[in-house]
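Each in structure tokens, the structures are laid out below.
Shared chain: chain A. Partners: chain B in the first complex, chain C in the second.
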Partner chain A sequence: MMGKLLTADFLKIKRKGLWFLTLLGPIGVVALQMVNYGVRKDYLLQQSDDDWGYFLLNIHSFTPLAIVLGIAILTSFMASIENETNAWKQLIALPVSKLSVYLSKFTVLAILLFLSSTLLMIFTLSYGLFLNLGEPVPYLELAKFSYFPALAALPILALQLWIASVCHNQGIPITVGIFGVIFAYSSYVLPDWMIWKWPSLMNQWDEPIINVMLGVGIGILLYIVGMIDFARRDVK
Partner chain B sequence: MSAILRAEWFKLHKSKMVPIILAGPVIGLFIGLSANLEDNMSGVPINEWYIALFSMNLTYALLFLPLITGVFASLICRYEHQSGGWKQLLALPVTRGKVFIAKYVLIMLLVMAMQLLYLCSVFAVGLIKGYTDPFPMEIVWKSIMGGWVATLPLVALQLWMSIMFKSFAAPFAVNVVFTLPSIFAINSERIGPYYPWAQPFSMMYIGGSTDDVFFVPWEQLLTVVGGGFILFFLGGYFYFQRKAI
Partner chain C sequence: MEYIVQTQNLSKCFGKEQAVSNINLQIRKGEIYGFLGPNGAGKTTTIRMLLGLMKPSSGTIKIFQKDIMKERIQILANVGSLVENPSYYPHLTAYENLEALRKILGVPKARIDEVLQIVRLKEAANKKVKGFSLGMKQRLGIAAALLHNPELLILDEPTNGLDPSGIIEIRNLIKRLPKEYGMTIIISSHLLSEIDQMATQVGIVSKGTLIFQDSIEEMRKFAQPKVTFKVSNSEKGWRSLLANGIKADYHDGVIFLEECSDEKVAHIVQVLVQEGISVFRVEEEKRSLEEIFLQMTAGELTI
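Coming up: the complex of A and B.
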């Protein structure tokens, strides 16, 4: 059942711009650094002895913002596909459980998110090599800066999908997304328990892995809460 | 015209826009109370209000204001996109041009209301923190009005996009794509003045020159904000005239 639902959901997002946005996110993040390094490369290379590390930090200054906004856009898109034509009713009328409908939506979004992270890693590596930042290339750090923010953002994905699928008015999840990006932008003043701080990989112990573990744990928890709430609501 | 405006206003009443307008001052309070620039700047002889305004305006004008205008624009087209609302609305004895202008005017009024509420939140932050310096009324008004003027072209583009796309997410995606680069644009003296999405920040930035009515020179205001407004407004206006509904 799950396989068929996933196929159906992947069919539904065709030609809606979701794949394009998944591609645009990482391109945008790297393109901003292309402008940055294109304009003042010499100055930026002087800033630190570890050119690769500094480059990754620059990339990472935009990743959380792109992830938070990307999640808000993709989840709202996903819900709009059903909302616009009142298709929730028809979807639920099929011999599928509401829980698996929700799980399928979440899985598709999570796949898009990780595709985005993989692309981010590839683009970052390519532009880094193009800039000739020197040997050795820190592949481990590169993978960390690409995948950790996405893993730490899982609670945001779960929360946004929850709000988007239970609100008929998509203005509400979008506004929550805007709040999220403001929080992510000012994450250095936020307390550690705010989920919007986690993609920035900052915490008081300076251990990014804590954010990842929290992200996965709380992400699953929020996902379950959202799923149960979705299943209990009437479909309008 | 006033009848269309009133009709739009009634529709808006049921659109849950009050909590969204309140988002402005809430964000203002959050930034104002969480920032602690005072510690870094203690000893510098400067009006305390300026410190609060610096940190609050940065995040508010750079990200929040451009992004939320898009939500207003989508919200105001929401009823029309649901189950053939455009057909019902345009079957009335109204012209498409008037409908477009009425929607635009109403969004700008909403943005104005939010700017005024933001002003209240600036004031509230000062009261909570116990500022004793005189309130720089003139500077604050310049900043609030300037931010409002700077959203004129952005709202026009967002209204265009909201009429074009049925979903909330698509116009918002367009908005995000243009708004995020302004974080970079404001750091560049060459690009910043010409980037329309960076204008809310420039117009609300209280460090600008205070000789003119606003914090940016008139040439920049007229060419970038005015030019952008004309471009996007006419684009949206003519798109709506020819749109098949």
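Coming up: the complex of A and C.
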């Protein structure tokens, strides 16, 4: 049943700009560094002995913001496909369980998010090689900086999808999304327990993996809570 | 007799408001069941419960002899529905809209062309639904409901917002389905004339309760004719009829009687003439189903 729902959901996101956004996010993040390194490459290379590491840190300074913003927009688009003409009632009157309907939406968004991360990794690597940052290329670090923020952002995805699919007024998830972006922007001053801080991979122990584990754990938890609430509600 | 749809004391409350109370529907195979009621009587709420979109506050629903709460997915595999305004994905074409549903229902691709043919949308198949007229969207909704060739078709106000030719078209389509495909149809409406022309069984809801459920012929029996007398001096005539022991009513200068045999009419005319009153017209007025419907749901009327 999941496979059928997924192919249907991928068909429904056609012409909605979701694929475009998935592409735009990583391009934007890398493009900012293209400007940065394009203007003052020599100065930036002087800042650190580890040119690749410094480059990755620069890339990473915008990744959390792009992810939080991207998630807010993608979830809202995703929910709007069903909300626009209240197609929820048509979808749920089909022989499918409500849980799998919700899981399918979440899966599509997660796939888009990880596609975006993969693209980020490819673009970062390409531009890094173009800048000639030297050997060896830190592939492991590169993968960490590409996928960790997305994994740490899973709770935000789960929360935004929950709000977007139970609120008929799309102003609410958008508002939450905007606050999320503001929070993500001010990660430095946020306490460690705020989920919007996690994609920045910062915490008091300086261990990014903690954010990833928290992200996956709390992400699953929030997903389950959202799914149960979605299934419990009457379809208007 | 087996019922395709059977509800028992079906009730639904929204907070303190009782939207549906103790509805017992009984719908047999091959019927076109007209579900009638004024706006806000609880029709849509009942239909949403039948489709498992809402959970009943109390009572049970059995479709194909199965409990909707327990075997929802198996039941819905044989139910097609169109609830209120048609739902569609405006950024997709008609074909893609049906394809998105087809993937979930798992029916062959050729079925899309078939249903588009049935609702006559074949020419518009590759146009975005955004630009469709309301009638076309409504027909697309019906096509979607027919996609998996369901045994039970539930249509909630399918002719809402359609122009007369669209209404006739959909009516003919609906009448055809039970004969050609052996479907059972539940169709809700607030317009009795609609139901009158299609339904074989009628259920009337008012303020959340089912106040009538029987065949349309039974309902027509309520349409008792009344006989009106237009005479030269109606008030005098009415008094003399009463004086002669005939229970007549007088209203707006017309004398009228309900349930009148031929002999009684003859007797009345005789009495009136003897009193020296000229009888201009004796007319039989059939009460339309509309009037009966209004009378049955009288409590609803505020205007």
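Just so we're on the same page, the second predicted complex is superposed on the first by the 236 of 236 C-alpha atoms of A that agree within 3 Å, B and C clash if a C-alpha of one lies under 4 Å from a C-alpha of the other, contacts with A are read in each partner's own complex, and residues count from 1 in each chain.
Just so it is clear, a contact is a pair of C-beta atoms (placed from the backbone, for glycine too) under 8 Å apart; a residue touches a chain by one contact, two chains touch by 3 or more.
Note that the structure is a prediction, hence the values are computed from the model and not measured.
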Chain B and chain C placed together on chain A: clash or fit? fit
In the overlay, answer first, second, both or neither for which of chain B and chain C A:186 touches.
first
| task | Check whether A:234 is in contact with chain B, with chain C, with both or with neither, and answer first, second, both or neither. | result | second
Inquiry  = Which partner chains sit in contact with A:97 here, chain B, chain C, both or neither? Use first/second/both/neither.
reply    = second
- Please indicate which partner A:89 is in contact with in the superposed arrangement: first for chain B, second for chain C, both, or neither. second
For apex chain A with the CA centres of chain B and chain C, the angle to the nearest 10 degrees sits at 80
Larger residue footprint on chain A, choosing between chain B and chain C, goes to B
Q.
Is A:174 touching anything from chain B or chain C once the two structures are fitted on A? First, second, both or neither.
A. first
- Task: Have a look at where A:5 lands relative to chain B and chain C in the superposition and call it first, second, both or neither.
- Result: second
**First, second, both or neither for A:14, with chain B first and chain C second** = second
In the overlay, chain B and chain C get no closer at Cα level (Å) than 9
After superposition on chain A, the chain A residues reached by both chain B and chain C are 84
Chain B partner, complex, touching residues on chain A are 17, 21, 24, 28, 32, 35-36, 39, 62, 65-66, 69, 72-74, 76-77, 80, 84, 169-172, 174-175, 177-179, 181-182, 185-186, 189-190
The residues of chain B that touch chain A in their complex are 15-17, 19-20, 23, 27, 30-31, 34-36, 59, 63-64, 67-68, 71, 74-75, 78, 81, 166-170, 172-173, 176-177, 180-181, 183-184, 188
Within the complex, chain A is touched by chain C residues 48, 51-55, 73-77, 79, 81, 83-92, 96, 99-101, 103-106, 141, 144
The residues of chain A that touch chain C in their complex are 4-5, 7-8, 11-12, 14-16, 81, 84-97, 234-235
